[in-house]
Amino acid sequence: MFGKMAYGGTIALTVGVVAVEHLHAPTLVLFAVAALALVGLAWVLGQATESLGHHAGPRIGGILNATFGNAAELIITIFALAEGLTTVVKASIIGSIIGNVLLVLGASILLGGLKNGVQSFSVEIAGINASMLAIVAAALSLPTIFAVTNPGPNPTNLSIEVAVVMFVLYILYLLYILRSPEGTATAEGGEAPFGRIASLLLLFVATAAVAYVSEAFVGAIEPLTEEYGISELFVGVILVPIVGNIAEHVVGVQIAYKNNMDFSMGISLGSSIQVALLVTPLLVFLGPLLGHPLRLSFTTLELAALGAAVVVTGFVALDGKSNWLEGAMLCGVYVIAALAFFFS
Amino acid sequence: MFGKMAYGGTIALTVGVVAVEHLHAPTLVLFAVAALALVGLAWVLGQATESLGHHAGPRIGGILNATFGNAAELIITIFALAEGLTTVVKASIIGSIIGNVLLVLGASILLGGLKNGVQSFSVEIAGINASMLAIVAAALSLPTIFAVTNPGPNPTNLSIEVAVVMFVLYILYLLYILRSPEGTATAEGGEAPFGRIASLLLLFVATAAVAYVSEAFVGAIEPLTEEYGISELFVGVILVPIVGNIAEHVVGVQIAYKNNMDFSMGISLGSSIQVALLVTPLLVFLGPLLGHPLRLSFTTLELAALGAAVVVTGFVALDGKSNWLEGAMLCGVYVIAALAFFFS
Amino acid sequence: MFGKMAYGGTIALTVGVVAVEHLHAPTLVLFAVAALALVGLAWVLGQATESLGHHAGPRIGGILNATFGNAAELIITIFALAEGLTTVVKASIIGSIIGNVLLVLGASILLGGLKNGVQSFSVEIAGINASMLAIVAAALSLPTIFAVTNPGPNPTNLSIEVAVVMFVLYILYLLYILRSPEGTATAEGGEAPFGRIASLLLLFVATAAVAYVSEAFVGAIEPLTEEYGISELFVGVILVPIVGNIAEHVVGVQIAYKNNMDFSMGISLGSSIQVALLVTPLLVFLGPLLGHPLRLSFTTLELAALGAAVVVTGFVALDGKSNWLEGAMLCGVYVIAALAFFFS
C-alpha cells in the first residue's frame, strides 16, 4: 500500500520536474519539486538495490548495498561538480557524514530510547564502526591541514594520492564484507519485491531518472543562493545530504524504534564510511575529467563539525548503551551546526 | 563540629568583606578575603540546597541540585558580566568545565587510587556523562569556529540561537532526571540538617550574601589584573572557577576516597554539563539586558584546553577502571593548561 | 643464527659508516649506510638492555626498559639538536608517536588479524594506555596553541616549565611500574643472552657507537634536504623515527602475530608515552646547554596528525577487539599523513 503510493508519488514528482522546467517556473519551485523527486528516486534506487541483492545472495548483496547505497548522492554531487560547484560538493561530503552520525543516529537513539528505554548494542560492532569513522575523518582532515599551512599551487596532487589511498581502503572494506561470515548485518529476510530482470531494469531506470533530476536540482542551486541569500555551504552541508539520504534515514530510525540498535547504527555509521571511502575518491578522480579538480581542503567550520561529530559518536557508541537524552543531544549538536552553517 | 566552625568562618569572612571594603584596604586583601568568603558561602548554599532537597524528595531534590548546584558561580559571573568583564566570564565557563574534569576528577582518581588501588566504576554511567560532556563541548565550540571564520557583525544572533538550543537541552536534561527511576545518584541518605523553613531561609540569605560578596570580588578583578599583571584569562579560567566550586570539589574528592567513583564522577562531570547547559545560556540571555552582549566565541587556547579535557576524560571514563597514575596525569594536564593561561 | 648475522651486519655497517665518511662518498650513500647501521645498533642496544634487565630482576628491568627503550632515538635527536636542526627534532618527536600508534600498531593489528581473525585484548590495559596517550598529547599540544596565539618572546620559559611537569609525570610513571605487582608486561622469560658484565659492556659500546653514527647521520640530513629537495619535516616525522625504532617495531608486530595483543599494544603505546614524557623534556632541558633552546611549538600539521592518531587509537583500543581492516585503516592514515608531510 505505502509502496504503491510511494512509487506513484515518485513518478508524479519526476514528471513534475520535467513540467516545471519547461514552464520556466520560479527557481524555488523547481528546487523544491526536484528535491522531493530525488527523495523518492533515492528510495526507489534503494529498493532496486535491495531486491537485486536478494537474488544475488547475501555476500554480493552486501557489496551491492555498499556500492549503490549512496548512488543518488554520488550522482547529485557529480552533476554539482560538473557545474563547478566545488564548495557545494565538498560541503555535501561533510554534511552527509555529520547528518548520518548526528541527525540520523540522534533521531534513532531519541525515538528508540523514548519507545524502549535504555537500549543496548554490541560494543564490538559499534566500536569497529566508530574506529573506522574516526580513521576516515582523520584521512579527510589531514590534506586540509596541509592545504591551509602550505598555500602553494600543487595540493591537487596530494588530493589525488590521498584519494587513491582511500579507494584502496574501500576495496579492503569490500573484501572484509566478503570474508566476514555474516556479510554486513542485513535486514530481515523476506521475499525479493521484484524479479531479477525487473530489479535490474528498475535500477537502470531509477539511476537515469536520478541523473536527469539531479541536473535540474543542481542547476537551481546557484540561482537559489543568489536570489535568497542562502549560503552555498548551507545548501551543501544541510540540504543536499538530506535530499540524497532521507529515505535511508527513515529506515534507520524505524529500525531503532524496533529496538535493533546494532543494525540501525550499522546503517548510519556505514553510510558515513561509504561516503568518505567511495564517494569522495570518485569525485576527486572525476574532477579533472569534468574540468573542475576537487581539492580535499575543507573549511575550518566543516572540519570542526566533522571532528565534533566523530568524537561525540565514538563516546556514545563505546559504552554500549544509549538513552533518549543522548539522542536529543546529538540532534541538538546537529541543529547548532546547521545554525552555524546557515549564518556562514 | 566542622559544620559549626565552617558556618562561623563563613560569617566572619563575609563580615570581613564589608569591613575591608569600608577600610579601603589594598586590592589584593579585598580580593583574597572576598574569595575565601565566597568559598564558604558556596558551601553554605550547597548545604541549604541539599537540606531543602531532603524535604522535597529525591526527584525535586535532584532538580534543585541540578539548578542551584552552580548558583554561586552563576551569580559571580553575572556580576562580572554586568561589569563588562566578558573575557573573564567566558574564561570562567571554560575554566569551570576543565577544572571539574581535569583538576577535580584528577584529584579524585589520584587520592582514591592511592587509597583503594585500581578503582572500578560503571561504564554505563561514566559513558553517558562522557558522551554528554563531549556533546556540550561540541555545542560550545561550533559558534567560536564560526566567529573566527566569519568575522562579520552578526555573531550575537547565532550565540543567542545556540543558547536557546542549549537551554532546551537543559530542560530535557531535567526531564531525564525526573523520569529516571533513581533520580540523579544522591548522597547517602541521613537526616536533613535543617527544617524546611530554615532551609529556605538559609538559601535566600546565602544567595543574598553571595551576591553582595560577588560584587566586591568582581570589582577587585580589574584593579588586580592591572596592578599585578595577572592576565584576565588566568583569573577567569583558574581563580573564579576554583572560588565558585571548591566546596563541591572537596566533596567529590572525599567520595572518591571512600571508593564511590560512580558518585564522584557524577559530581564532577555533572557540574561541567550544568555549567555548559544552564549557566552559559543564562549569561547569553542576560548579556543584552546588562548592556554587555556575550558572544560565544572563545580563544583558541580555551577551546584547545576544552577539547583536550573532554577527550582525555572520555578515554579515562570509558574503560571503567582508574588508577592513581591516570589521576596524576589529569592533574598534570591541568597544571600545564594553567601555566599556558598564566603566561597569556 | 639470526642473532649472529644481525650482530655481524651491525658491526659491518658501523665500520661502513667510518669508511664512507673518510671516502667522502655522496651524501645519499652516507645517509643510507648510517641509517642502516643505526637500525642495527638500536637493536643491539635493546638486546643489551633486556639482558641487563634479566640480571637485575623484573622491577629494575622494567625501569631499564622504560628509560633505555628509546635511547637510540634520544641520542640521534640530541645530535640533531646540537646541529640546530630544531625542526627535525620536533618533527621526530611527533613522528615517533604517530609512527608507533598508526604504523606499528596498524601493522600489528593488520598482520595479527590476518593470521588470527578477530583479536581480543584487555580493555583495562588498553584503556589506561590510551588515556595516558591522550593525556601526553594534550600536554604536548597546549604550549603550541599558546605559542601560536601569543607570538611574544617568552615561550621558552613556558616550554621549560611544561617539560618539568612532564618529567615529574615520568617519575610518577616509573613509580607506578615499580609499585605494580607484575612490573610492565615483560616478554617471555628465557635465559639472559649475556652475563651481567658483558651486558653492561655491550650497553656502553652500543651507546658509544650509536653516538658516533648519529653524528654522521645527522650531519647528512641538511645536505640531503638541500640536494634532493626532501623537506626537513618529512625527514623528521617519517625517516628519523623509523631508523630509531624499527627493531622494536618488528618485535611488536611479531608478538601481535603470535596473538598476544596486550603485550604488542603495550610496546607501541608505551614507547609513545616514553617519547613524550622522557625524551621530550630531556631535549627541552638540554636545548639551552647545546645553544639551541627547543620550544614546544609544533606545526599545525604535526598537531593534527598527533590528535588524529590519539583519537583513532583510543577508539580502536577501547572496544577490546581488533580486526585486520582496522589495522589496514590505521596504516592508511599513516600513509596519508606521510604524503602530507612529504609535500610540505
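Order as written gives the chain letters A, B and C; numbering starts at 1 within each chain.
In this section, contacts are C-beta pairs under 8 Å (C-beta built on N, C-alpha and C of every residue); 3 or more make two chains touch, one makes a residue touch a chain.
Owing to the predicted nature of the structure, the values given are computational and were not obtained by experimental measurement.
For the copy pair chain B and chain C, the superposing rotation over Cα atoms measures out at 120 degrees to the nearest 5. Under half of the residue numbers at the interface between copies chain A and chain B are found on both sides, making the touching surfaces mostly different.
The distance from the centre of chain A to the centre of chain B, each centre being the mean of the chain's C-alpha atoms, comes to 39 Å.
In chain C, the positions touching at least two other chains are 311, 314, 318. Residues of chain B that touch chain A in their complex: 123-124, 126-128, 130-132, 134-139, 141-143, 145-146, 148-150, 154-155, 157-158, 161-162, 165-166, 168-169, 172-173, 176, 310-311, 314, 318.
Contacts from chain C toward chain A in the complex involve residues 299-301, 304-305, 308-309, 311-312, 314-316, 318-321, 323-326, 328-330, 332-333, 335-337, 339-340, 343-344.
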